[in-house]
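Below you'll find the structures, each written out as structure tokens.
Look for subunit A in each of the two complexes below; its partner is subunit B in the first and subunit C in the second.
Moving on, here comes the complex of A and B:
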């Protein structure tokens, strides 16, 4: 627990982490204003055609956009750096001579990275939805089966939709942790998950690659579609949960083994 | 370390390229995007959307259930399997609106762009659903929701065939009765998307003079040309074509086209 406290303190002192939170908090506001001011709605994206006149649709449009690369980036900025920064600063020996075991330190760092990811998603979701509802308004939403959803249910569904991004975001957090441990380089830890995410999107968009598509870490980012349909379906959601759990377990196990076996005495 | 990272990325790229090649070769197999799922999803989304348009126009005499919408979907033509995402899906759909009767063929044609994430954009036929901008009951110009709309379907929903079939539409595309060098009249036609293609015959007459009868039998989504054996009499000014269909739907009345002089 001491290790967790120390990791939290290090995170709080980082300008990068604070910048990420600030971006998640303030970034959606200008986006809401700019999209609201468009004369032609961005019809290419799901809910884009209603985004200029419906706050719920605007929040979901930004959700779809954020899932493409912004969410993996926001979590990787911390998770991709949290191990590699000890290499960068040459501080492994220092932190391990505190009475902390290697595995204790590992789990403390993973816990802090995951908590930060949840916090960022929560801040981004709350900020985006609040900005969208204040700037554009809370008219009844048109769902993905063409049905009309009253504002009260729409708010609940939008919140639930943002919540469904947590499993893949945590999956990307674990991937960033692995890359951070393995590369010992913060730049790789931060950039590689985003690049891998974009590659997975590309693979997922190819027609007929369905068995592979189901196993990608980016596919669960689409699982919220089912909540906005009528009758709603949650098959992709449960499947996504399993996929993200497998990614999480495999990447964390690999990262753990790498860190345990590493010879740190050399500095 | 950097070298091993590059190696890993190179391996990853190779695996992806190989996988992509396999997929390109196998073509769309195993996708959750299927004809039956689209045929079940599109009528539901359309019915809600069409009723919303009716409400904008101040009409309250129809409900999603009263439309009895049903669809038949097809990807790319007769020789392509109806599975997998793409912008080459078309859906034929019929519905019951007392104020907007269906055309003689009994359906409207929707252009579909279906994505691998089981969502799609459908474009409605403007002669049945109206143009992109409509004037609502208050006199304001608003977007027509049924002109273009999005929908998503459950990838684990039933994939059993719906059994909805619509006939192909046989359309005469010639605007004049053109002739070849020997004075024989030619007629161009298309056979639209449908379950069984177009078959039948066309009788051509110039005034009282019969020019012959030509049979045709083509697959769906095809074009063709018929040439009638008897040359057009020199005094004739127009040619009438009477289409008899054995498969598919044709023009209900004879088509009369003005004659053009042969080229050369």
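Moving on, here comes the complex of A and C:
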């Protein structure tokens, strides 16, 4: 646990981590105002048709948009840097000559990166939904099957929808960890998961690749759609959990082995 | 009675691809002694120290530290050991004190006030609240020593601690290492400065291209040392060279003047002869100490600007 406390202390001192949290907290406010002020709502996007007149719909519209690249980016800013920054500063030899093992340091960093990802999603979800409801209002929501959802249930479903992004966000966190360990370069650790996410979306949009699409890390970002249908369906959620778990285990195992076997020669 | 060993390396070998960085290295550092590992850049000193700290794995051989090995106890092998490899590195966005507090956390904590004590020892207490990003090279070296001392080590491993420092920094660092050595700490010091090792160490291993070129006491080393060398320039170098008699040897220096070597007393007599012959003495300076000359002989290193500036 002392290694976790050390990693948290370092994270608190980094302006980048604070900037991400600040962006997650304040970013949705102007977006809510801008979208609310649109004369023509973005009808082509899910819940876009109602986004200018319903706060719940606006929150879900932003969720769909954030899942495309913002969530992978926000988590990668910390996870993609957390290992590679030790290479950048030449500090592996500083921390690995203390009384904490490589394994201890590895899991401390993974835990802190994952905790940060959860915190960012929570802040972004809370800020987005609060801003959308305050700016647009909390009228009953029209679901994906055309059903009317009362505000109380709508709030619960919107919160649940944001929560369903946690598995793929954590999957991207683990992917960023692997790229951070492998590349030893913070720029690669941060940018590569976002680029890979966009490539996955592109592959997912191609026809005739359904089996491959199921295994992509971006597909579970759409799993919340089932919560807004009537009746609810949770198959994509379960499948997404399995896919994200596999991505997480494989990427973390690879990162762990890479770090354990590595000769620390630089810095 | 067997002496307690702080470090015992046996047959240690490390390859980087085709390059053999350390080749079958064996050495023993007794508890309480100040031990020097000497060699030119690329001789394998830092590679050996990295293996000692577990930063890289040897391809063959074992390193026993304070009686334990990495294979036996994992990271606990570093209990009682501290130091740094190459120049110490820290988090530039944290202050000196925050860096030490963090490293202390990784050690599982230290007695309250210990960080303040070590900052005083290395003379950094006044700057402890500044971010390390603004520290000079010398301050970072001293912070590296402080980071080592908070572990209250029995074995202190310092990799070229005076490297990159200005003359005042070198003087201060050597004084600090001497003070620490005098306190009874076992010190394993790597260097490519012969005078640094000569001044501080009891025993020395000289490495050349990963292999041991010499192993023994500083006294043994002095016994092997050749005669000192001098640079001589006169108003008539050809005539001055003719005046030389054994055991003094005089050669034309490619860079001008004469290279003179021989026992100190004989060289003094020779110079008196040169002056007595009416030649004007333009320059007479020592070029290298006997131990430096031996170092260059043993390691095959060429005399570079760093050696010149340090001597």
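In this text, the second predicted complex is superposed on the first by the 264 of 267 C-alpha atoms of A that agree within 3 Å, B and C clash if a C-alpha of one lies under 4 Å from a C-alpha of the other, contacts with A are read in each partner's own complex, and residues count from 1 in each chain.
In the analysis below, a residue touches a chain if its C-beta (ideal position, glycine included) is under 8 Å from a C-beta of that chain, and two chains touch if they have at least 3 such contacts.
Predicted, not measured: the structure shown is a model, and the values here were computed from it.
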item: Overlay on subunit A: subunit C relative to subunit B, clash or fit; value: fit
item: Contacts of A:233 with subunit B and subunit C, given as first, second, both or neither; value: first
item: Touched partner set for A:92, first subunit B, second subunit C, both or neither; value: second
item: Which superposed partner A:250 touches (first subunit B, second subunit C, both, neither); value: neither
item: Subunit B or subunit C, by number of subunit A residues touched; value: B
item: Partner chain(s) touched by A:14 [first = subunit B, second = subunit C, both, neither]; value: second
item: Touched partner set for A:101, first subunit B, second subunit C, both or neither; value: second
item: Touched partner set for A:5, first subunit B, second subunit C, both or neither; value: second
item: Gap in Å between nearest CA atoms once subunit C and subunit B share a frame through chain A; value: 16
item: Set of subunit A residues, in rising order, touched by both subunit B and subunit C; value: none
item: Complex interface listing, subunit B residues touching subunit A; value: 1, 5, 12, 16, 19-20, 23, 26-33, 41, 44-49, 52, 83-86, 115-119, 121, 143, 145, 148-157
item: Complex contacts: residues of subunit A adjacent to subunit B; value: 43, 46-47, 49, 142, 144-148, 183-185, 188, 192, 199, 203-213, 219, 222, 225-226, 228-229, 233, 235-236
item: Footprint of subunit C on subunit A - complex, ascending; value: 2-3, 5-6, 9-10, 13-15, 89-102, 104, 263-265, 267
item: Sites on subunit C touched by subunit A in the complex; value: 16, 50, 53-57, 74-76, 78-79, 82-86, 88-94, 98, 101-103, 105-109, 147, 151
